[in-house]
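Presented sequentially are two complexes of chain A, the first with chain B as partner and the second with chain C.
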Partner chain A sequence: MGVGLRAQNEAKRVKVRLFALCLALLGATLAQGLTAAELAATDTSRAARWNTIAAYIFGDRKIEATETLIKLEAPPRAQDAALVPVTLIMPEKEKIKSVYLVIDDNPSPLAAHITFGPAADPGSLQLRVRIDTYTNVHAVAETVDGRLFGTVAFVKASGGCSAPIDSTDEEAMQGTGEMRMKFAAAAVPGEPMQATLMIRHPNFNGMQMNQLTRNYTPSRYIDNISISSGTSKIFDLSADISLSTNPVLTFSFIPDGKDPIRVIISDTKAGRWEQTFATPASTN
Partner chain B sequence: MLGDACRRPRGKPTSTALVTRREAFLYGLCLCCTPAPTAAAARGLREVASGIFMRAGLHEEVTPENRGGIANVGCIVGRDGVLVTDACGSLADGESLRAEIKKRTDKPIRYVLVTHVHPDHCFGTAAFAADQPIIIGHRALRAALEARGEFYRKHLAEILGSDRAGSVVYPTVEVTDGMELDLGGRVLRLIAHETAHTNCDLSMLDVETGLLFAADLLFVQRVPSLDGSLRGWLNEAEKLRRLRASRAVPGHGPVVVDFAPAMDNLTRYLTVLRNETRKAIAAGVSIADAGRTVAQSERDRWTLFDDYNERNVIKAYKELEWE
Partner chain C sequence: MRSLIGIAAPAAIILGTALFSAVASAGSADIQEPQGLWTGAMYGPTPATLGGAVVVDLAAVEALLAEKPLLLDVGPAARKPEVLSGDRPWLPTHRSIPNAIWMPGAGVAPLAAGREELFYRRIGDLVQGDKAKPIVVFCRAECWGSWNAGKRLVLDGYTSVRWFPAGIDGWWDQHETAEVKPDAGWSAEPTP
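On to the complex of A and B.
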């Protein structure tokens, strides 16, 4: 627990530093009088930005390029910048300890860090994120032997972070903390199975402005999602401002055939929700 | 039109000038109204019924050249004054429309009716400030403009320049449910709809001619964009059908169409979108994969389909996945 807490605190420190960094970078850009269109940076400046972000998150640990350990599927052009589906694929799943999703040009780039537990099947993970501008998206896998492997995709999006929530979101926000779990098939003990977790939560990130009051809707977003099968951890996800409204996660795990799935969620305003879901039993 | 109508254009604007007789029938058009908007044809007001002047929008994204003129806009002239709806997609374009209207009538512009929050329908309202009109909007329009107006303005200003974009203008009269206006011997019946294309759609019936101003509850040729509720839109389409209007002014498409076949065409798309999205959700198809596969049978029936359908599927998916 102590270690977990330290890790969380460390994650928070990284976030705060990253946020400050990005404000500084943004300030520098604005100071040069660049328009949003010109923010479409060059490859060189993108690389420089990534180096800075990577140094903040990973210190001096080397990130090796890989085409096999982690793959990132993201749309080249986001249809809805406030809901961009992203899939992380880790084919050599037994080697994977955790994955980081970084949206370089979001105001706070570290979108999610997922640490897998013994009940996980870390082969793939889908999530939905907000993307604010044309940006590189990095996925970095940490292997059990402590090495880092990274891959990148470029996504064209506009205004996903500050986009006002729309009316369907508004409806869905009623009942914050409500969860649903869908299972792809019946559980066969020991065999990987896919599940989709749906969570009702506005995930206000502090960037939606009320034009009348000129106030920003105060931020309130999910910062932690912890999923277990019985007492065995599937994964911990620490999140930041970039998860979409009403987050949906699709993941795989190894059911033990008897214990339910337990989900614990916390948000930045001390909200906490817990729910268990029975895995559908195999009829065989 | 879609929430981010003012995103930068990609690809070539789709020409809609070539519509065969059969297609015209399928799409519910009368051939007298085609060819649909092309740059040259679209730039003037046309009297489509007695005292009703409309200009067709272009089937394009917003560009500096079209100045946001992508929706159908125009006015109704009564004995005592004029109602403008919609007032264009930018200040610059609204000023042109105002000048055109002034050429047609010297009656005072008493009302601007804003059919919904999307930028291509509301940013020209500012051009009519000198007329001091009553600005009419849906009961939810103000809140929608408060939430999105500045976001839209900024993006529009990036394309057109802030001096040409216009400003956010709030309604001075809100329609809660329904309302009747009299322009002087010319009665207009307004309906404030439940969440459909957006959460603030207004439609209007001109009692004298029976012409229904369906605004963006009716798209013709241009692929519909979903920004409210898919189920709601299908419900509101039924409500409009019950008015039994024979002809309508859609928000996008030829400025006048036969209502029934045009609405059938729209609801066919929405129904395919709904049914196939539900099926995808039930089958565990991801939102990303659904976006690429749902409603593809509709692809050849609409312009700008590839620009909007995937986004419509994502909207539909997130509405329907909580059913």
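On to the complex of A and C.
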């Protein structure tokens, strides 16, 4: 354990003590709130959980805390746990090689790993995920020089992974693989532009019970989304059971002014879909 | 050393939680109690009552904690997909009311052969034969599993069954949770 962590733990203990004091002062008005003991216990267990996950994903690579390299925007309280919008913001985008989204308490915590290519504009990326429980969500950026930087947000959500299916599985599969792309503006070669990709796919994660048949619907979910501008990669997204039904991705890229955007999707039942979208040309 | 960023979040939520009322899930007056156990879909609106048991809200559960009730969580265990992408880790975790006994799926009806007997045997052990001991049974909100598990206890002559329909959703809005493992006695005999 390094000096930094000890310092952090000490700061944490001071914070906990301060909290105990606050709770004591506020007395009756916060009688239903967390006690200092509850707070300390949960911090410990959540930190231990993150350590376990980080060891699986990153081995012994160090993850540095950051306020600037990656930011995570997620609703503190999800309206729909099966459809939680999460935005990753990377202000120093030229330094970013890839980003990881980890939902700590989902049973398969690594929700997505996005590796950017030369045609990417890695300043921001939005996606929609399933969140199963009140949990920390971590975003980790890997820089081009191989360092890892992380940030965390707490999201209150419940039951996103096992949200039941109310139609027949066949109905849910209709139109699977259909895509639409929406461009925010006309393309100016060399200038970043934003696009939103909408994919039709039920993303069955194997944890959902069909309410009609009371059987678990076998898993079939998107495991990879690859987007290019001509022959130049925008990004590869390695996905998991946490991606929502009918995924929506908002990303930015650098159009070259002539080539279309090509999207290739695969799923865990050998489904493969490919589509190209012409970028809207600038009128001047 | 990699843990620097894992410990920041919960402190921020405390004051926030005070602003929200507990998740409302007191059951629906429109839903009638079934005769015996509910064998329909496990998730959906549940009745407002459970004959032979007392329906409790969060405040009642908090008040009851001093009596050291048996806290019985029957929420389901995460089900592993047949295929996991790449070499992703499968690390299911379950958070519950601290000190709860977690018997995943114990509210399913019908249970596989022998499981209901095991349920009664295990509960009997946990309360040391005291059928008057308070038992708070819960899962998530709008989950028939806790209703069924409570019904099973009532049918077997337990006299202090408390059904907490808001469940873990009602609890963690105001309190922290603890990671719990499935009850060993319940899980030792595998679910078919």
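Throughout what follows, the second predicted complex is superposed on the first by the 229 of 284 C-alpha atoms of A that agree within 3 Å, B and C clash if a C-alpha of one lies under 4 Å from a C-alpha of the other, contacts with A are read in each partner's own complex, and residues count from 1 in each chain.
Here is the rule we use: contacts are C-beta pairs under 8 Å (C-beta built on N, C-alpha and C of every residue); 3 or more make two chains touch, one makes a residue touch a chain.
The model shown is predicted, which means the values in this text are computed figures rather than measured ones.
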item	value
First, second, both or neither for A:Gln126, with chain B first and chain C second	first
First, second, both or neither for A:Leu110, with chain B first and chain C second	second
Which superposed partner A:Lys233 touches (first chain B, second chain C, both, neither)	neither
Touching partner for A:Lys182 - first (chain B), second (chain C), both, neither	first
Which superposed partner A:Asn246 touches (first chain B, second chain C, both, neither)	first
Partner chain(s) touched by A:Ser162 [first = chain B, second = chain C, both, neither]	both
Most chain A residues touched (candidates chain B, chain C)	C
Chain B versus chain C as contact partner of A:Gln79, first or second or both or neither	first
Intersection of chain A interface sets (partners chain B, chain C)	158-159, 162, 164, 209, 211-212
Complex interface listing, chain C residues touching chain A	1-14, 16-18, 20, 41-44, 62, 76, 78-86, 88-93, 95, 98, 140-141, 168-169, 172-179
Contact set on chain A toward chain C in their complex	1-2, 4-5, 8, 12, 15, 19, 30, 32-34, 38-39, 41-43, 45-47, 49-58, 60-65, 76-77, 104-105, 107-110, 132-134, 136, 138, 150-154, 156, 158-159, 161-162, 164, 205-207, 209, 211-212, 214, 216, 218-219, 221, 223-224, 238-241, 268
Chain B contact footprint on chain A (complex, rising order)	35-37, 73, 75, 79-81, 83, 85, 87, 126, 128, 158-159, 162-172, 180, 182, 184, 194, 196, 198, 200, 208-212, 246, 248, 250
Complex interface listing, chain B residues touching chain A	3-4, 7, 145-151, 155, 158, 168, 195, 198-199, 227-229, 284, 286-288, 291, 310-311, 314-315, 318-319, 321-322
